[in-house]
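The same chain A turns up in both complexes below, where it pairs with chain B and then with chain C.
Entry: the complex of A and B
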């Protein structure tokens, strides 16, 4: 209750202009979902009709094959398998990425050494290269390594575009906290393990969560690298969606798959937002 | 071979996965039927066949030779087959040696064998098996166009567009649907009146100067209708990039016609809601409705070639083709005169309905595809003349683009 009233007060405290901007932002964020939801429930939706002329439920009995959500939830759509793959790969990539980036970011944030600026630039390079340009070359390397068409291969290739994000975010987080608290703990006799789990991690946890969220979202949205390295055999929600919309039009099943593909991200966003807001150490 | 296929167990079948009804047929009909023969189908749905061709060629380049690749079976035709063939990426000749090969005409003295032996003019070398025979068919939206006003020739189309500007467009070459439209225009405007005939020769045989002479009236026609196409009035004609985009324009009544490969495209559009309610097929352009086939091929490095052949044999059976026709709306790739009476009766009974035309009318207006070596030159000429508006004599443009293509 207290939380809610204070939120209401916040809303009143901002100026009408700011309120308008918040409204515009909410519209831009939510609006794209409305036509997607309508399309997923439509059978025939033609311009200039604001709503479909024939809805999915009206056509359902007459159709010789499963339409719209019936197709999305049928085994033929392979949405279930793709969702499991997407989540599994996303979680594995996030954890591996964190494992690699935590020590790297700490060094980049707290130590000075020759070539540090150049190294930071090098780490950002994969963000500048379009995946289309490197896909085939990477595939040849992965074939030689025996990783093509395997989950391990897809997870490794997802690390390429995710590590730069994670390193950048964690470096900023480490820089924001300095080393004083850790020094105090060391002086008081804590060992390295205790320092990390009792002092460092609780301090940087909101940043780590935010970095993980971005890594997970990037991984779950990668299409081209997943397709090339997975050789089309490892299907994820993006590869499924691309196969659906390659014809150039988004039909009811395409809209349904697009909505399902956005669910993990939405749940995670809500979860992490709450976590970070309620975190005791949050400033 | 069936014993070896059982031993291999799986067939990785790569095919364009953009159609729900084809996916359902593969899952609900083909997969259980092949499981009964001891072969598990692993359907890999792809966005573009070219991506799969790239994967096969990359694997071969990385030293993954026979039985070491990932693709067993791929649905191809035209330039993707040509790429695989040029790169020596195809498994051996099999198409005339399977039990169900009897369902196809292989005798080259019989002109009806043409589409089994040549894919866009490229010799198939029995390295791919016909799967489906498609025809370039246009649909018309009867909500806007009456039967009397429906064009049957390109001249009538122009008259219609003069009265209703902007209500037609075609998919942009180099997409194969755009190339096919341009080819049918060229056939119809052949100055000798011999239609598709000279376009069966390859470029070397025909010669650039002769090709330019044959193309001139057709290209003039394409230039003349540009201002009458969708968006043409404002000087920026809009050519959709693919059939999905054109379907949308058709559904939204921005255009009144929709031309694509699909003998049952109209039916499929109606049952999936992609076409407007009053869509009907039309006979256009009369006598020049291009027909070709698409095929199933096995890459050289297929890890389960025996299983792939068992699958192809199943796909070539009258029974599989009849159910594919019925549930997926894909025309048969078999040659009906090779089948028993019962089999052809079964296939006839499985055919989805036509709307406003009959199968006989479609068959009466068939034209052959253009030789693959000419397709490239025609496509490059379209891009030079229509897209880049190069203002040079056509013979010079043809000479220039064919020179660039050969280097």
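Entry: the complex of A and C
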């Protein structure tokens, strides 16, 4: 009996093997960033030295700033332009996606109608069809419409991979809340606008924020659709980095751009831990 | 409450009808975007692959010439095999790592939140960053090569075992796994959190060993999460472009890269050939995902859950 109680206490404890697995995976995840940072700060880093033979600060009189970062922050690297594009497109996509998905999610969560299962399948379909197929087929349409290589075209095409996540997350949020509070407000004489802004929105706000953050994240990390539809005229951080490393080699400036491209994600990771942790992806 | 509602319904002619109208209005924007963009792309892609491209002055619809030329070349099948191999290998390795990882992360331990956040990092950064990391770690001048030199195993970069730019695709698979383990782990963790510990506790009280608990309780519980996460990752992997383009072994390329090369060709007629590649890829993806879902349904039915 005592043995069993202690066994039950162990239920929540972590075993040594599991601890090892967590440590190994954290190393696999984080460790590769170390050489990236080192490379961006190195002045000379020849094979087979594990660390650079000459660091940038030993050459301060020749360049007051690490060479790679000097280039990254200069206008000729186009990093500033790419960062602004990435953030601007991300925000526009998020707002547009929310505007489209919020009303639809309410209907999907609260209503039953014929063909609902088929509709849900249609919404999930963009995640299940290869992105290259969608991108190339859409490129033809967008060239015909004059949308290829424009901000509007890139923003619209970003809706395709973001809508499935947004609808799923918002539907789950609506399902979690039911309609009782709204019914009470209606009985008490509130009009539709009041009900939405005073009752519904405050209740679903955490879920809406989580959905927006995730949408923003997907949009800022998207490469393929931006690359195909942007036609090289709309540069975002992922496409800029692709252009830098597409030859199969990574120099110091490439390392700097890779680090810059990771910053939005790292900031989101720090500030959104609470929101994204348990997002309802699994169905 | 029913009283008040019925009093309300006497005023307007037919509230149910109005509500239906409102529902339709609210779901319309989503339908327009999905059917217009996504449906349009699918329809136009299929039409083009059958020879319909009047804007290039090509209209041989319907012709199966492009599919015949594609499917009769042995290179296409090599490309398809490579595409599927990278997709399957990465998804499988990712699952084998994420299932125990999500269970481990559901336990209480010191700094569990910190480790959870660290492991989630790849989810937050672009694939291209993952590719940059693969280049700096696994390349012939990369860190692993330098470490092997430090250990005295090799004395020239060219002696380092070729990891990138081979058809074995170790680099591609490593990037996919690095990026997708967090996604799978997060999905599985959400399922685990929702299921709670009650059943595991019950099984433990009834004397089940930890192996029995894993195979008989936990794994069946998280199966829906496993299926949805692996579906999404597999579909992504076989449609991905940048990792095989940079880290792959060159010709014959994976299907998305092959399609892209056709589209970059100065000869417009090759675009129809590229569209045939893309449609073939979507078909293959559909067949595999459909078979997977069907198998899963059957498994669930055999367990009496559906």
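Note that in this section the second predicted complex is superposed on the first by the 215 of 283 C-alpha atoms of A that agree within 3 Å, B and C clash if a C-alpha of one lies under 4 Å from a C-alpha of the other, contacts with A are read in each partner's own complex, and residues count from 1 in each chain.
Just so we're on the same page, a residue touches a chain if its C-beta (ideal position, glycine included) is under 8 Å from a C-beta of that chain, and two chains touch if they have at least 3 such contacts.
This one's a predicted model, so the numbers in the text were calculated from it and none came from an experiment.
Novice: Figure out whether A:144 sits in contact with chain B (first) or chain C (second), or with both, or with neither.
Specialist: both
Novice: In the superposed arrangement, which partner chain does A:136 touch: chain B (first), chain C (second), both, or neither?
Specialist: The answer is both, since A:136 touches chain B and chain C.
Novice: Which partner, chain B or chain C, is in contact with more residues of chain A?
Specialist: C
Novice: Touching A:242, do we find chain B (first), chain C (second), both, or neither?
Specialist: both
Novice: Per the contact definition in the header, classify A:205: touching chain B only (first), chain C only (second), both, or neither.
Specialist: So A:205 meets neither chain B nor chain C here.
Novice: Check the residue A:160 against both partner chains and state whether it touches chain B (first), chain C (second), both, or neither.
Specialist: It touches chain C, and chain B stays clear.
Novice: Quick one: classify A:41 as touching chain B (first), chain C (second), both or neither.
Specialist: Touch status of A:41: no partner.
Novice: Show which residues of chain A both chain B and chain C reach, each in its own complex.
Specialist: Comparing the two interfaces on chain A, one with chain B and one with chain C, the shared residues are 47-48, 136, 139-140, 144, 227, 242, 245-246, 248-249.
Novice: Taking the complex as given, what residues does chain C use to touch chain A?
Specialist: Residues 1, 4-5, 8, 23, 25-27, 29-30, 33-34, 37-38, 40-42, 44-45, 48, 55, 97, 100-101, 103-105, 107-109, 113, 115-129, 131-137, 139, 141-143, 145-147, 149-150, 155, 157, 164-165, 178, 181-182, 186-191, 193, 197, 200-201, 204-205, 224-225, 228-229, 231-232, 235-236, 238-242, 245-247, 255-256, 259-260, 263, 271, 274-275, 278-279, 281-282, 285-286, 289.
Novice: Considering the complex alone, what residue numbers of chain B touch chain A?
Specialist: Residues of chain B touching chain A: 12, 14, 16-18, 20-21, 23-24, 27-28, 42, 44-48, 51-52, 54-55, 58-59, 61-64, 70-71, 240-245, 247-248, 251-254, 271-274, 276-277, 327.
Novice: Under the touch definition given earlier, write down the residues of chain A that touch chain B in their complex.
Specialist: These residues of chain A touch chain B: 42-48, 53-54, 59, 63-67, 71, 74-78, 136, 139-140, 143-144, 148-149, 227-228, 231-233, 235, 240, 242-249, 251-253.
Novice: What residues of chain A sit close enough to touch chain C in their complex?
Specialist: 4, 7-8, 11-14, 18-19, 21-23, 25-26, 28-30, 32-33, 35-36, 39, 47-50, 99-101, 103-104, 106-108, 111, 113, 122-123, 125-134, 136-141, 144, 156-157, 159-160, 163, 167, 183, 186-187, 217, 220-224, 227, 237-239, 241-242, 245-246, 248-250, 254-255, 258, 261-262, 264-266, 268-270, 273, 276-283
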